Every structure is written in C-alpha cells, then in structure tokens.
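The two complexes that follow have chain A in common; it is paired with chain B in the first and with chain C in the second.
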Partner chain A sequence: MPKLTIDGKEIEAPAGTNLIEAARRLGIEIPHYCYHPGLSIAGQCRLCMVEIGNNPRPQIACNIQVAEGMVVRTETAKVLATRQSIMEFHLINHPLDCPVCDQAGECWLQIYYMKHGLYEPRMMDEKVHKPKAVPLGPHVILDAERCILCSRCVRFCDEITGTGELGIFQRGDHSEIGLFPGRELSNPYSANVIDICPVGALTDRDFRFAVRVWYLETAKSICPGCSRGCNIEVHYNLRRPHHNQGRRVARLKPRYNREVNRWWICDAGRYGYKFVDDPSRLLLPARRADTQADEVVWEEIIPLVAARLSAYRPEEIGVLASPQMANEDLFLLRRLVDHLGIPNVDFRVPSRASGDEDRILIKADKNPNTRGAELIGLGPRPGGLDARGVLRAARERRIKCLWVLHHDLLLSAWPEEETREALRALDCLIFQGSNANGVSPSAHYVLPSATWVEREGTFANFEGRVQRFWKAVEPVGAALPDWEIIGRIGEALGMGPLPATAEAIFKALAAEVIAFRGLSYRELRDAGKPVASS
Partner chain B sequence: MRAPAGVKVQFTGGQLQEVRRLQALYPDKRAALLPVLQLAQAAFGYISLEAEEYVAGLFDLSPAHVHEVVTFYTLFFREPKGRHVVSVCHNLTCHLLGARRVLAYLKERLGVEVGGTTPDGKVTLLSVECLCACEMAPMMQVDDRYEGHLTPELVDRILEGLG
Partner chain C sequence: MAELILTRNFHRPDSHALRLYQETGGYEGLQRVLALPPVTIIETVKKSNLRGLGGAGFPTGVKWGFIPKGHPGPVYLVINADEGEPGTFKDRYLLERDPHALIEGMIVSAYAIGSHLAFVYIRGEYVQPWRRFARAVEEAYAAGFLGRNILGSGFDLDVVVHRGAGAYICGEETGLISSLEGKKGWPKLKPPFPAIRGAFDAPTIVNNVETICHVPHIVQRGAEWFAALGTATQGGTRMYSVSGHIRQPGVYELPVSVTLRALIYEHAGGLPDGRRLKAVVPGGSSAPILRADEIEVAMDVDGLKNAGTMAGSAGVIVMDETVSIPEALMVVARFYAHESCGQCTPCRESTGWIFKMAQRIVEGKGRKEDLDTILDVARRGAGTTICAFYDGAVGPYISYIEKFRDEFEALIPK
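Then we have the complex of A and B:
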C-alpha cells in the first residue's frame, strides 16, 4: 500500500484510492461538489484543488490517486485562494435566493461559502437567467439557475439506473441541466438525484416547503418497503408541529451501507411512509359487539383477548403473523402460540399485485422481515393449517377464533368474497395493526400497533442480514409496539414475566433461535450482521 | 440543401454504411457522433428532435446525450434553415472595416433579421464571431466558402449567384 503524507500526517491507503478518500480517512475534508464515491470522476467543479509535492499548480484531488511518497497539502495559501476563486465562479450566475430555497441549511454552496467565500462580490453584470421550478418528473423539480453543473445527477442516471434521462445542454454560461424535450425523470430511483445534488437545483416535490431542514431530527432506520432492507434515515419534525399539516415524519433519506444499498434507495421506499401520519391510524384499542364499537383502555382489552384465546381449543384458533413485524414481535408471538399449542400459524399471505423486482435494489417481496419470520418459525406447526387453510377452515367454522396481525386479507391473492365469508363466519376476530384496513372494521377486538418509526427492533433482510431500526417518534394515541401487545397478552395468559424491552427480547431470541445465535443487539450497530445460517 | 417538408428521418442504405464506417474508426463509436450528426444535417436539412432520437438509436445513446452535442455546437441547425447560409463576421477587424453596414445591407436586401430565413427558403442570415480571415475583412461565409472585401455591389453579385 502506498504511503503518503497529507497535511503532515502519514497515511497508508490502498493503491487506487483518490486523494479525497485518503484525506477523509485522516479526518481531513477536501471541499468538493462533483465528486461522489458512488459515481465516476467528472473533474467538473474544480473545488477539490490541493498542492502536491513541488508541482507548480494546484491539482484536483478527486482524480489523483495515492502514490508512494506523495506529499499533499490541502490548506496552503495557494489552495485557499484557489477555492475562493472557484467559489466566486460558481456563484457568478447563482441567484442567491437562499431565503426561498428549500436546500437552505443543507446546501454545500452555503457551507463552503461560509469558509471559502469572497464575501465582497465583484460581479456587476446581470446574471444569466434560466428555467426555474420545472418539474422533471413525479418527484424531482429543477431550478436551473441554482445549478452548478456538477453533473452528479447526469452520471447517476447514466451509471446507476442506466436510464440516461438527463443531460447538460447549451454551452458556456448558458449551460443547463435538462431532459430531452418531452421526456420525464421517472425511473424507480429518480429521487436519489435530489440527495446527491449538492445545491438547491434539484429539490423534492414531496418535501419542499414542508419543513425547514434545521427543524428536523434524525433517527437511523431500515426501509420496510421490501426485503432488501435498505438503510435509511428518518427525518422528523417535532419542533414545528404546526408545519407540514402536523405530519411528524417529513422525509426518508438513504443511509450508506456498503453491503445493502450503498448510497441509494428506491422512490417507492422513499415515499412509502405516509401511513405513519395518516388519518387511517388506529389510535385506541376497541371492542365490538354487533355493530357497536367501543374504544377501551389496554388494561381492559388485554384480559378480554387473553380470555378469548383460552376459551377455544388450540385447533380452533388461527394466527396470521406478518412479515411486516420485527423479529422481537415474531419471537414473542411464537412463544405465545407455542404456549397455547396453536397449530394453525402462518405469516405468508400472497398479495394480489405481483411485486416488481430489478437488479439494483428493488425486491419482489414487499415485506422487510420474511426471512426473520422464516427463521423464527412462524409457519404452520405439524398438522396445522397454513394461511389459506385457516381461512377455508374458518368458512367451515372449524376455525372459530382468528388473530390477524397487520395483513389486509381482502387485498390478498385469494378471492375477496371467500375471505369475507371466512371473516363473517368467525366467532372471534382479533385485528392487530397500525392502520385501519379491510379486516379491521369487522374485528371484535382491535389492537393498535405502533409503526416502525415509533419503536425500535430488528428486521432480517432477504440475505439474512439482521439490521436494527431506531425509534424516531412516539406512537400515536395509545398504540404500542407489537412485542408489547403480544407480551401483555402472554402475561395475561400466565406465561410469566416476559422480556420487556426490544433488546431483552432480542437476547432471548439469540439464545433460543439457532440462526440468531451469537448475535448481540448492540453489536449489530449501524450496519447490521448476517445470521449464522447465511 | 433544404429538406422537403415531411422528409423521413431515416438514412439510406448508403448513408448507413457511412455511419458504420465512421463508427468503426474509433475505439468508442460515440466518437463518431459529430460526423454522423453532420451527415444527418446534410440528409434531413436540419437536426430535429426526431433526428436526435434516430441518431441516438444508431449509437445506443440516450437522446439526452445527443441533445447535449447538438445544443453545444452552433453549426447544428435545430430549425429548418435556408438552402444557403450566409454568416457575416461581426468581430473586431470586420467591425472596424464596416461589417455593420454589410449586415444592414444584407438584412434590407433579404428582408430578414439575423437568424431569419427568406420566405422562399433560399437564404438564412447569421451574424457570427471571428472566422479567422481578418485579411479579407469585412467578410462573410456563404455556405462552405469565404467572401471578403465586401461592398454592397459585391454582396449583390454574391446573392445573385446563389441558386
């Protein structure tokens, strides 16, 4: 490995490492716009100039690789003067409309100008005007005047999605980003160009003007949109609750994980969180007799549900767990099911729409934790019925009590009328989930769950990678994490004290389920760890 | 060479052979984009969006990338142009030696503004930067040839000589 010196500090870096990355390892940030570790080198913005050895002029750090004995200086008077000049160039035609720009607060023009700005502008001429507020597609909107032509978005569409929608048209100071006339930016990953745009040129149609970014807080999380388990950040707003119509979750952003999603997420995942602050959320536990539904407190409904579960013979009960649930929920549920000896357990409910899949990130299985449900063992017990069998048995009144967790059975691949018939025939229907759906209105007991951003836990992705997600916001109403609801019911059924935090449940899970053996909740850290069997 | 209205954006067999010959000259066939666009302009009269998409297909490029090239170069015409293109130099030497008068005379004779095409489709008039022929200033380019030491009489004769 070549050994070199950057700002007087020695470092060894693998051959092929560029100077921006080598400096980053030393904690030295070389300012840049066009360089992105996930894209090819463009050398377009010229901001990453450094001095190398005795070379007469500064050179761009992004396109120079480490070499033995190289001496790099990133903060010399010449480098600083160069940065100032480059910043001046970048801002010649920039509209300086920060007060009305949605990027303000996370804009690299602002950030670098604070450090490297000229502060006394010398431009006296009228700026070149370009198209503003141009929707490029369903998610992305362009302000060509703010663009510094770094070409990250162009390279993303060329190199990551291979769709090539964007280009830089015209030339000189009239150059502008755009689409081929009549086309739109609608590939399934289009909104990533918003993340990689270092300035306010590309902003998010869904997020813009919703909340100022400095009011947002961040929680690390996992996208629940499919079995890939892309690492994300949940950006939520509690400080200005009157903004964004009271919706707490303001946006999801990708979080780098080399093994899973690198820097990207798909648009379906990015905008798939709207159910969290939706009016369809179930706020309070409820019991229903005939057509009358009464909202009750947990202390009242838990013993009732426990009593109903013990009132039937185990073969008369069906439990439909969900691969939307976390490992901690599924593990406690499995314990409860085994405690009662219920044989009719399943988690696989085929959805009506067949899921799309590609070679980038998107998986056909739209559940985040199918692998977890498989490994923990939420399938039918010996002699037990699978999900379809449970519904058939319900129609024949052999199953009398059904506990549905999260699934909207009416949207399954099975004939809707048969499902309705099965639900009608039940003596007792328990629905546990975060939002009202096709099943919840006919449930005798409704148990409101917290969504994944309102709690913590783990999912196992399709490769068996166990990944943690953290709590961002409080559950709405009286909603509780699934594991807590299941735990309370279990305790009411006489299962004794059950682990009462996600971490404690994970510890018990790791001790009991072979695939999870050796995993520790804390040591999963940000990036997760694979289960033993895979 | 104005293409007749509704000309089909489709190279002939011979033209396609030329496209393949040009593409084979370079390690990356994309390098042949400029000469192929010139061929397209000659064949179709100007580079329409349809022509950009057609050429993109010949290079396995996205139309946006062909659009980048076409919009970068001023000698690609994106609107139908006249059978002849007259480009008057307005840079320093020509300016000092009367380019403004030449241009004004041309506008009056042709009845068009800079960038316009005569109603009969014969001439498109442009005003351009230095064409590197200051020794013959004031000068202009008429299609592929340079005309210098321009006077109104000479301009008349040149225009009359255009087919």
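Then we have the complex of A and C:
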C-alpha cells in the first residue's frame, strides 16, 4: 500500500484510492461537487484542487490516485484562493433563491459558500436564465437555474441504471440539464438523482414544500419494501406537527451499506412508507360480535384471545405469520405456536401481482424478512397444513380458529371467493396488523401493530444479512410492536413473563436458532451481519 | 525565396488529382519507407524537430513514442482537420489542394505507430475540402495506396473520413475523440493521455493535418535537412495564415525562423492604403496580442513563447490603426463564451461573464472596476480547467487589456 502525506499526516491507502478518499480517512474533507464515490470521475466542478509535491499548478484530487511518497497539501493559500474562485464562478449565475428552495439547509452551495465564499459579489450583469420547475418524471422536478452542472444525475442514469434519460444540452453558460426528446425520468431508481444532486436543482415532488429540512430528525432503518433490505434513514418531523398534513414520516433516504445497497434505493421503497401515517391505521384493539365491533383495551383483549386459542384443539387452529414481521416477533410467535402444539403454521402467502426484479437492487420477494421466517422456522410443522391448506380446511370447517398476521389474504394469488368463503366459515378470526385490509373487517379480534418505524428490531435479507432498524416515532393509538402483542398473549397462556426488549428476545433467538448463533444485537451495528452459513 | 514543400503544387489547377501528385514525386518513396523499421521513422521524426502545428507545438516524434510498446489491441491515428481557431485556414488549403500529401503522410505515420485504422476529423463547414479529400481517399484505395497489403509491403491501413458539426471545442484533441466516439464533444480528463487511452479506449495519436503532411518529406530527405530549415528547437517550414488589414491575405509557407515583420511586410505586402499597424495576433485568436512595436520576433514556437505569446496555429491576424481593441476583445470574448463546452466551472462561467463585461464597456456602460475584474477573473481561472480552451481565452482577455488599457479606460464613463 502506498504511503503518502496529506497536510503533514502520514497515511497508507490501497493503490487506486483517490486523494479525496485518502484524505477522508484522515478526517480531512476536500470540498467537491461532481465527484461521487459511486460514479465515474468527471473532474468538472474543479473544486477539489489540492497542491501536490512541487507542482506549481493545483490538481484535482478526484482524478489523482495515491502514490508512494506523494506530498499533498489541501489548505495552502493557493488552494484556498482557487476554492474561493470556483465558488464565485458557481454562484454568479445562481438565482440565490434559498428562501423558496427545498434544498436549503442541506445544500452544498450553502455549506461551501459559508466556508469558502468570497463574500463580495462582483457580478453585476444579468444572470443567465433557464427553465424552472420542470417535472422530469413522476418523482423529480428540475430547476435548471440552480444546477451547477456537476453531471452526477447524468452519470447516475448512464452508469447505474443504464437508462440514459438525462443529458447536458447547449454549451458554455447556457448548458442545461434536460431529458432527451421523448424521454421521461421514470426508471425505477429515478429519485436517487435527488439525493446525489448537491444543490436544489433536482428536488423531490413528493417532499417538495412539505417540511423544512431543519425540522427533521433521523432514525436509521431498513427498507421493508423487498428482500434486499436496503439501508435507509427515516426522516421524520415532530417539531412542526402542523406541516405536511400532520404526517410524521416526511421521507426516506438511502443509507450507505457497501454490502447491500451502496448509496441507492429504489423508488418503490422510497415512497412505500405512506401506510405509516395513513387513515387506514388500526388504532385500538377491537372485538366483534355479530356486526357490532367494540374498541377495547389491551388488558381486556389479551385474555380473550388467549382463551380462544386454548379453547380449540391445536389441529383446529391455523396461524399465518408474515415475512413482514421482524425476527423478534417471529421468534416469540414460533415459541407460542410450539407451546400450544399448533401444527398448521405458515408464512408464505403468494401475492397476486408477481413481483418485479432486476440486477440492481429490486427483488421479486416484496418482504423484508422471508429469510428470517425460514430460519426461525415458521413453516408447517410435521403433519401440519400450509397456508393454502389452512384456508381449504377452514372452508371445510376443519380449521375453526385462524390467526392472520398482516397478510391481506384477499390480495393473494388464490381465488378471492374461496378465501372469502374460508374467512366466513371460521368460528374465530384473529387479525393482527398495522392497517385495515381485506381481512380485518371480518376479524373477531383485531390486534393493532406498530409499523416498523414505530419500533425496533431486525430483518434478515435474502442473503441472510441480519440488519437492525431503529425506532423513529411512537406507535399511533394503542398499537404495539408485534412481539409485544405476541408476548402478552404468551404470558396469558402461561409461557412466562413478557421479555422486556427486542434486544432481550434477540439474545434468546441467538441462543436457540442455529443460524443466528454468535450474533449479538448490539454488534450488528449499522451495517448488520450475515447469519451463519449452513 | 525559400523552397516550398507543402505548398509546392498549390498553384496548379488540378493539384488535388492523384495523377498530378504522382507526377511530382508523390507516393514514389512509399515502398521504400514501408520497408524501414517503424522505430527508425519515429527516431527520424524526433531528430527532425518537427513540432505539432495544430496549436500546442508538442514534439511529434516524442508524442509517437508514448504509444505503449507491443500494445495487444488496436492503435489509432486521428488527423485533426477541425481547423476552428479563428484566423487559421491552412489545413483547408492542404485538404483542397493536396489531399494525397495528407494520405501519404498518414500511411507513413500510421506505419510508424503501428496503426491500421486512421480517422480524419474534418470541420463540418469544410464542404469542399471534405469532398476533395474523400475523393482522394477513393483514388488511393483504387490505386492500392490504402487498404490491404499496401504496395506489397504487408502493411494494411484503412481510413475513415468523419465530418464534425462545427464546434470549436471538437478541435481540442480529446473533445475531438469524444465527438468521434459519438458523444458530445467534451474534452476528457488527462491522465490518461490519448497515447495511452484515447479513441474507443485504444492508444491514439492525434496530429494536425499540416504536421502529418510534413512526415513523408522528413523520412525521405532526412531529419537533418528538415531541422536545418528551422531554428534550434523547431525544424522545417510552416504555413502561416495571414488575414486582416493586409495587402495580400493568404497562406504563406516559410521557414519557422521568419520574423513577424518580414512575414507582414516582405511576404504579405504590408498594410493597405498606407495605414499604420496597431497590433498583431500571431498564432490564432488564443495567442496574446502583440503591439506594433513587438513584431521583431521569430515565428517559431519558442521565439513567440519568449515574446510572451504563442505560435499556436500560426493564424496571423493583422490590425491597423482603425481597429478598436475593446471591440476586438468583445468579439473574441463572444467567441469563447459561445464555444466553451461548459464542462468546467471556471471556463463555463467566466467566458460568459467576461463577454458581458466587455460588451458593456463597448456600449459605454463600463464601470471603472470592470477592467480589474476581468483581469482578476481571467487570472484566477487560468490553469484550473480540463482543457487548454480556457487558457486560450485568457490570452486575449489579459493581453488586450494590459497592452491597450487606455483605449478601454477611454470608453468607461468617469
């Protein structure tokens, strides 16, 4: 590994590392706009100039790789003067409309201007005018005047999605980002260009004017949209509850994980959180007799549900767990099922729409934790029925009590009428989930769950990487994490006390399920860890 | 009168025809040259002190030497016939009047660098030169000078003629390569240099038309002969395009040691109507301007460099006393603002800004700080960009103001 000196500090970095990355390892930030570690080197913004050895001309750090004995200086008078000039050039034609710009507060023009600006405007002539508020596709809107022509968005569409919708048209200071004729920015990853746009040129049509970014707080999380398990940040707003029509979750943003999603997420995942603050949320536990539904408190419904589960013979009960649930939920559920000796357990309910998949991130399995459900063992017990078999047996009244967790069975690949018949024939239908769906209206007992942003836990992605997600906001109404609902029912069934935390459950899980052996909740840290390979 | 080499047949009406080219010795020595070891040709060109005539004046043989030895994939030769530098029109003459000289030069040069496919990138507006050249390529194929096994030598060479679309930046060698590859004509980052990774990611040599036309003569008549025609650091003759306020505008082939004064007054007939010389741009619009009292200077690469300007493309623009330098600056500034490819921040933004300031000054709306702002902006951006376009623009920005400051100040309201 070449050894070099940056600002007097020695560092070794693997051959091929560029100077921006090498400096970053030392905690030295070299300002830049066009460089992005996930894209090719463009060298266009000219901001990342540093001095190297005795070369009198500053060089761009993005395009220079580390070399043995190299001496790099990032804060010389010449470098600072160059940065100041480049910042001035970036701003002479910029509209300076921060007060009405969504990017304000997370804009790299603002950030670098504060640090490196000239602070003396010299440009007195008319600025170049370009199109504003141009929708490029379903998610992205362009303000060409704010664009600093770093070409990140163009490179993203050329290099990552390979869809090539965007180009830079015209020349000189009339250069302008735009769509090729007849194209629309509608690839399944289009909104990533908003994240990588360093300024307010590309903004999110969904988030636009919803909340000022300085009111947002952040929680680390995992996208529940498919089995890739992309790492994300949940940005939520509690400080200005009257903004954004009272919706707490304002947006999801990708979080870098080298092993999973690198810098990106898909659009389906990014905008797939709307159910969290949706009017369809189930707020209170409820029991239904005939057509009358009564909202009740947990203390009332838990013993009732426990009593029903003990009232039937185990073979008369079906449990449909969900791969939307976290490992902690699934583990307690498996314990409960084993405690009662219920053989008819499954988690696989094929959905009617076949899932799209590609070679980038998107997986056909739209569940975040299928692998976890498999490893923890929520399939049918020996002699037990699978999900389809359970519904068939329900129609034939051999299954009398069914506990459905999250699934909307009416959207399954199975004939809707048969499913309705099965649900009607049940003696007892328990539905546990976060939002009303096709099943919940016919349930005798409704158990409202917290969504994934309202609690913590772990998912195992399709490769068996166990990843943590953190709590962002409180559950709505009386909703509880699935593990807590299951644990309370278990407690009522005499299975021992409710575990205190998700972490405590994970500990028990790691002790009991071979694949999880050796994993510690804390040690999963931000990036997660793979399960033991079988 | 010195011997004419490149322009020797220009006066003949059918100088472009293969028959005439052959009658005057063209293609005669080719068979012998194609039997030489390629490295001998490269060494000869090095010793001849041939320097690139497209603008940068880089030693041609040295550049050829950068092609990686024993490269397994293809190597390309690209001829730069984009000729976009204002005040330059020599390559046009070569393409129109002696296209076979370029073809023969390409055969020898391609052979030297181990290339079997050569591209000629011709400026879009050059319709007649393109027709003449494309016709000559057909003739050369028919006569066995191009294609498989040229003259039984075992050497193969194909030529692709490509027309540009009129952007000045496509004359910059890596902008040219991008355009040739079918992309927007954006210059590329260096490193890697084209000789290592150029067109279609293969090692590529880009040379100017005139540079390549010299090569067969050098190989046949010897490096010493060529070197002796010029100065200690640059061999040969070159073609000066002389335009502006001059009695006999046109292309003059002269040894590179000629002085600017001799070129203007002895060869091109001096200024018309007894007008007085005010200034000269000696090497295309990017070359810093010289005042009338600075023309006692040799026109080779180093002579002009020492005089604080550059030989560039040898486009000599003569300005008499009627010229307003601020207006001239506005015109060149408009050109650079229009032609900047827009990739690099300093070039994209300053070229437009400086044009606006220059225009305002000419319109009588200048502010007293404008001149220093132009100088400061120009200096700050210089040397910070991907290609030499911006440094070329800085040449006139700074020199016009520094050398003719009172003219500018006279236009600025007190």
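Definition applied: the second predicted complex is superposed on the first by the 532 of 534 C-alpha atoms of A that agree within 3 Å, B and C clash if a C-alpha of one lies under 4 Å from a C-alpha of the other, contacts with A are read in each partner's own complex, and residues count from 1 in each chain.
Convention: contacts are C-beta pairs under 8 Å (C-beta built on N, C-alpha and C of every residue); 3 or more make two chains touch, one makes a residue touch a chain.
Note that this is a predicted model, so its numbers are computed, not measured.
J.: Determine, under the contact definition given at the top, whether A:413 touches first (chain B), second (chain C), both, or neither.
T.: neither
J.: So in the superposed three-chain picture, is A:15 touching just chain B, just chain C, both, or none of them (first/second/both/neither)?
T.: Touch status of A:15: no partner.
J.: What's your read, chain B or chain C touching more residues of chain A?
T.: Comparing chain B with chain C, the partner touching more chain A residues is C.
J.: Going by the contact rule set out at the top, does A:168 touch chain B (first), chain C (second), both, or neither?
T.: Both: A:168 reaches chain B and chain C.
J.: Scan A:182 for contacts with chain B and chain C and give back first, second, both or neither.
T.: A:182 contacts chain B only, not chain C.
J.: Contacts for A:82 in the overlay, against chain B (first) and chain C (second): which applies, first, second, both or neither?
T.: Once the two structures are laid over each other on A, A:82 reaches chain C alone.
J.: Indicate the residue numbers of chain A shared between its chain B interface and its chain C interface, in ascending order.
T.: Residues 167-168, 170-171 of chain A touch both chain B and chain C.
J.: Please output the residues of chain A touching chain B within their complex, sorted ascending.
T.: Spelled out, the residues of chain A in touch with chain B are 158, 163-171, 178-183.
J.: For a test of understanding, state which residues of chain C touch chain A in their complex under the given definition.
T.: Within the complex, chain C contacts chain A at residues 167, 169, 184, 189, 191, 337-346, 348-353, 356-357, 360, 367, 369, 373, 377, 380-381, 383-386.
J.: Going by the contact rule set out above, which residues of chain B touch chain A in the complex?
T.: Result: residues 49, 52-53, 61-65, 67-68, 71-72 of chain B touch chain A.
J.: Hey, which residues of chain A end up touching chain C in the complex?
T.: Residues 41-47, 49, 57-58, 63, 81-82, 85-86, 89-90, 92-93, 122-126, 128, 148-149, 151, 167-168, 170-175.
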